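Once you scroll down, you'll see the structures, which are given as structure tokens.
Look for chain A in each of the two complexes below; its partner is chain B in the first and chain C in the second.
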Partner chain A sequence: MRKPLKCPLVLKNIIDKIRSVFKIIFSFIWKILKKVLIVIRPSLIAIAVGLLIGLIIMLIFNPYDAFPALMTLILGGFNGGLKGIGETLELAAPIMLTGLAVAFAFKTGLFNIGASGQMMMGAYVAIHVGVRWTLPSGLHWIVALLLGMTAGAVWGLVPGILKALRNVNEVVSSIMMNYIAGYLLIFLIQRNVFLELEARSRYVQSTAVLPSLQSVFPGSSANIGILITMVVIIIAHIIIHKTTLGFSLRAAGFSFDGSKYAGMNTKLNIVIAMTLSGMFAGLAGAISFLVRGKAINTAFVIFSQGFDGISVALLGLGEPIGALIAGLFLANLRMGGFYMQLYSYVPQIIDIIVAVIIYATAISIAIQALLKHYGERLGVFYRNRIRDPLRVFYKKRIRDPFSQCIKKRREKKLSKKEAKS
Partner chain B sequence: MNYKVEMNDITKKFGSLVANDQVTLKVKPGEIHALLGENGAGKSTLMSILFGLYIAEKGEILIDGKKVSIQNPNDANLLGIGMVHQHFKLVETFTVLDNIILGVEETSKGLINYDHAVEKLTLLIKTYHLNVDLNAFIKDITVGQQQRVEILKMLYRDSDIMIFDEPTAVLTPQEIIELIHIMQNFAKEGKTIIVITHKLNEIKAVADRCTVLRRGKCIGTVNVKDVTIEQLAEMMVGREVSFSVDKPEIQAGSTLFTIDHLTVKGRGRHAVTNLSLQVNSNEIVGIAGIDGNGQTELIHAITGLLPIESGKVTLNNIDITRMPIRQKYEKGMSHIPEDRQKHGIILDFDLQSNLVLQNYYQPHFQKMRFLKFKNIQKYAEELIERFDIRSERGSKTSVRQMSGGNQQKAILGREISRNHNVLIAVQPTRGLDVGAIEYIHQRLIEERNSGRGVLLVSLEIEEIMNLSDRILVMYEGEIVGELDPKKTNINELGLYMSGAKRGTTHA
Partner chain C sequence: MEIIYQLIQSTYLGMTVLLIVALGGLLAERSGVTNIALEGIMIFGAFIGVWGIKIFERYLSRPSILLMIMIVLLILILLITILPEYRYLKKKHSTDKEWKEFKIASVIKVSIAAVVLLISILLTMVVPNIATNPQTILQSKTQMILIMGLTVGGLIGGLFSMIHAYASIYLKANQVISATALNLFAPAFAVFTARILQGGQQISFMSNFMINKVPLLGDIPLIGDIFFKRNYLSFYFSIGLLILLSILIYKSKFGLRLRACGENPHAADSLGINIYRLRFKAVTLSGVLAGIGGVSFVISTSTEFNVTVAGFGFLAIAVLIFGNWSPKGIVLAALFFGFMRTIASSFSIIPFLNRLGAPAEIYNMIPFIATLIILGFFSKNSRAPKALGQVYDQGKR
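On to the complex of A and B.
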């Protein structure tokens, strides 16, 4: 039999100390994790529900491939190694930005559903500058980006002003601005930057193409757009949480009346929030089209990234940083959908799954409340375990039209009950 | 002894908050039973359990000695329990008749048959002297009449257990007397009445027995005849309470704040017409009136929340009529708003942000438009200390989690600490417990003593009588009388408030 190992006292002390230090560190990490978990729980529930329903759909269409396909879906861009990751990042940048645009407006209590239109205007102006202007190579894409942002800002400004001055609902006006942008886009492209043979806009000049990140992600078309996006999101986060402007915007978002009472300029706040929101969406447009070999077709379409932005903002809990993470997640899912085509699934399934996730996010808070509510009632019911004949009677009564003789019936029932007992 | 209603060991929790902790309530048939307690003591929760709005975690309810389970208000109705809520549950655009039969309509061939209902209601109105026009619309009748409609609703459903939640809060003194008569009539008929209230005088006037709750616990049940008001108050608060406000005599000084021929538009009509008043330094001017006579619109207009139709408002001889709200604050106005959760605070902000809500942009709190969180926190902690604002996590607590009294203390502290000459306080003690009320009254008197002017709007007549140096009575958007609190009494004030009497003196 082996004797238990005896170690010298000094060593024991040291081990104890290390242990206690580890304990403190772990409890600290655990505390933070717990906090984070509570905050992101709705998003996690949403994702879980979405993936589960997606799995069910896959099982229905092709049970054999469902589980490997689900893994592919979750892995997303990682399936393709560095190239895949690069592609994911390229896909993520615009939806992160439109997500930011929507989240930023959310923070101020506004619902910017017009991120698509703002993005389209940003895209057009960026292409226009990229195609028709001649500028030195370092400067060209920067100017195109900035002017694209400005165009988006102007497109956001209009609903903002309408809301501030005439209290026009920003949802209605910004969604109408989407249509204006959609047709204006076709008109402007055909007039200014048209390539008639292929019914699309011309490609931007090589000086206007965003610097590529091919050295990091070989084989992909990743560019510095993702870096710009991240910087912009961090700036937006700082504006919202650290500045006086952000203070008044958040105040208006939480309580419009409260911010008015506090003497904040509510009208100006609305305009500023919508303009900045439009600016972010405009940047999304510019980033996604200042790319080699990308052009806009002259068929009427409203960019779907604007609507993806709503999902990203919801999934990101209305926070800029949340939009960053949710945008990456969504882009990764999309890439996963692309790789899933290896199996016998149509890419539409991925759209269904994404839609389910978004739907679940929107109602996840309601689901939580429902669970809690019914949990409570159920608990009370089981604790009391009263079988009440009155309740059965009440259920029956619903079918009858309500009538005058409630009292009579009540007496009748009660007397019956008495007779029984 | 048989009890009509027995609630034994009721326990109800909301999260970590225990609203009712093993509360026992026993009500005899045919008595008027008062349920007394401060705000947050759990009176409304207990009655909501009886009425089926909440379900208790523990405990049992017995009606007529039989154990019942009340899962929702329909169950309660079936057991003959009726309730008049503090805020009436009436459809504004329906007639009185429609409102009464709503939910128990009698139909023939799919159409509503009114005949029986009208017959029964006319009889009820006659027997109990509940005069209301069945065909009038709810939006056109007075609050007192609306309350009668609620009472008729209970009678129509043959309730014999009637719960009144703070029934006198919206009534004039004369209407209160009428209501007391009605309740006594019901009791004579053998109906059981439970009244939730924190007004001690009314308990003394109307109730037979009284159960006192404090912080969710049942303190005891007493015969009202055997105890004094002071004893009741002590049971309610847990310590002795002083009812008199210590107010030294001070001569009012120069004019600080004037309103000149002010007209404000309310919902489609003039809510305030041609109103003038002034507030001097060292003075509390009280505006009395029944809810809905233009007080809200008046205050909103002068503080900038509503546009002014015509007239002029000056502060320190500066015309502030059309100034933006922020500038009004900078010129020396402080405002404790009527609806503290809608205007006064931002519920989802933490306490420190709420304490700098109006001056976050000042150089002390920001540098280059970046907030100086350290200074904000320091300032907030000063105020928390000075005004005894209690919260779980100090300056970082989300205001939503704070009690109403502490929310109000935060607003009061913020408004008093800002540089100001005039304090406009609208219902500063609404929904607060006796201790907090005492505290806020003292602070308002201090304001007056330190040379500032206070414009106090309140629906509580006692508050107006105790604090004011001058009382202005508002009726239908006009000031109908100026009274001296030392020379008038509640009865006279009530006559002015109901529009029955008009003074010739105008401020």
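On to the complex of A and C.
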């Protein structure tokens, strides 16, 4: 029994009230947490599976460094303190945006594999504006960002229109657009913003560089891009979940014919979804290249961030907010790979882990069913063990081992006597 | 005239790879499973296949070891293709008719393996002894190694694609997601393994697998120049494959079932076809072809494998859709792509294009822009398999 509180009644009442308020708040938080946990459980399981398999591979190739390397990998940007966190954020911004682009298209039932091409066009236009135009310092980077977004939107518009009007498979057309962007990028750079000595584009002017966050993350090249990214992701979340447009986009994703039957303009919706998706990817390109000392080489390459975006969108369960979290996670993992080079591993282990994670998210339904099945079997096993009467009997006997020993000795003596007689 | 022949021969390079991989994609998509993983499977198959070639080259002077490895490989493939079927039939208490079919199929498989073995014996043992020209001796052995490399690539590609097949068919995962995972996994694994095991990520080999002239057929005036000079073995393989698959898909029982499975799996299931097994087989076969395509891409374009197949897997999907899911269309589309790529890479030898003076990037862009335009014109009446991309669930209506 608890002792009664020795304090005046008023105080006791107040304490009780505070307690009840806290109880309500905690139960509320707990409910939300439970909901969130149910939603993100497949992702968590997938991440666990991915890290486990990565660990196994590392153990196979070099068993001594595997565990510290894994710790470095998980810590990621935190290894480098504030500087590392800043670099992680810088790395995360484009990945998050391309992830958002892919996720946004997913919501409308489209698979935007062309985020790379859209991003490349956005990057080129931003660099072009940054190098060739002269504008006042506050305005310059904003204009560059906006025009980069527009270029990405145009690049996304083409597959959207082809899909809506001519029923061209958007996967193929956006792959084609990737290649076209890749070659066009080289052509345009050589034409307009070329630095022949180093075979790359020129650096953008100082007025076009995004304001940096060096005061917060000293020593790193983190800039305002991450904040813009977060704002854009929240806007995209609101568009998808709180507006009529978003509802009709999602409806087209759930059932194309159904939404058509309900009187929505599905063709327009497809075009809008692809355009917005391209816009986000273009913004990713602009953000990642409006940085001091960053330029595009003139070798043919298709940016890998677009494919990272697919991973991020899949890992984030096709939600904008999910893309935010997954993008941070992936960027952190990549920074971890950077720091992991101390231990004789190749940073490509991260791609292996990410691939396994995506595979595990794909089969997450099966994994969950498996876990549930084995969990139930385990539960039944334990329950049976407790209820089993024989078990209880054994437990009682085992509790007193000394007496058992004596009993056994007596039995042995008795049996010996019997044998003698 | 010489320029035209050169252009035709280099058109075949791109066409061969695209044709092989797109036919693989055709098998998978006709059974109702999208296979975006072709790129990843190509990389994986090329990685192991080229590594195999590098190892086999060591035994170039000792043909008996090469033959031994070949026999082991063939037996392995035969076991993989025949044994599961046998166990399945035995488990099912199946009818005599099914046993008969199984026997016929396995006899065909064994005879194909025997023919391949015969060819390789010819190439390694008989031809070098008869031929007096030293170049022929060398070539016959390298062709043997190429066959082995393709076999290894196909085997590994098939095994690798089973990961995708298992997830998307039996575990009912989203087909795009599991395929994306493979696409991501293959290059990462190739770089990781190659760097750890041998230091660098490039895997280089020494042999040049080009056939300068096919012995008798190369002497025929026009046809010899077009088809039988400066070609790769994989070209003839792709032509044979094309004929085989167009018969298989349209004239055989397996093809009929395959098409039914892609159009209306529930109806097919109600008539006693095991949809899961059929799809698994189709996707595995597509992986085999993609692996072979990966190896043939690497051997025909360079002398080392540098963890890339230049996006040919994705291009093959484009060719497949461009070709309207039929072997005939795929050949035309692959030829078109190959020709456009040839123009892009060798516009400087064509006097008429060289005079225009446009930069190389424009020519590189042309095939993709042309594809987009052509797709825009003809895609309205293109018809994908109806059940494409849908997870098959027996309980669903």
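The criterion applied here is as follows: the second predicted complex is superposed on the first by the 338 of 421 C-alpha atoms of A that agree within 3 Å, B and C clash if a C-alpha of one lies under 4 Å from a C-alpha of the other, contacts with A are read in each partner's own complex, and residues count from 1 in each chain.
Note that in this section a residue touches a chain if its C-beta (ideal position, glycine included) is under 8 Å from a C-beta of that chain, and two chains touch if they have at least 3 such contacts.
Keep in mind the model is a prediction, meaning the values are calculated, not measured.
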| item | value |
| --- | --- |
| First (chain B), second (chain C), both or neither touched by A:Lys416 | neither |
| First, second, both or neither for A:Lys31, with chain B first and chain C second | neither |
| Contacts of A:Leu184 with chain B and chain C, given as first, second, both or neither | second |
| Partner chain(s) touched by A:Ile175 [first = chain B, second = chain C, both, neither] | second |
| Partner chain(s) touched by A:Asn265 [first = chain B, second = chain C, both, neither] | first |
| First, second, both or neither for A:Arg132, with chain B first and chain C second | neither |
| Touching partner for A:Leu162 - first (chain B), second (chain C), both, neither | second |
| Shared chain A surface residues [contacts with chain B and with chain C] | none |
| Contact footprint of chain B on chain A as seen in their complex | 242-245, 247-248, 250-251, 254-255, 257-265, 376-377, 379-380, 383-384, 386, 388, 390-391, 393-394, 401-404, 406-407, 410 |
| Chain A - residues contacting chain C, complex | 57, 61, 111, 113, 158, 162, 166-169, 171-173, 175-177, 179-180, 183-184, 186-187, 190, 300, 302, 307, 310-311, 314, 346, 348-352, 354-356, 358-359, 361-363, 365-366 |
| Complex contact set, residues of chain C against chain A | 36, 163, 167-168, 171-174, 176-178, 180-185, 187-189, 191-192, 195-196, 311, 314-315, 317-318, 321-322, 359, 361-362, 364-365, 368-369, 371-372, 375-377, 379-380, 382, 384 |
| Chain B residues within the chain A interface of the complex | 55-58, 67-69, 71, 74-75, 78-80, 103-107, 116-117, 157-158, 303-305, 324-329, 335, 337, 342-349, 353, 357-358, 360-361, 366, 369-371 |
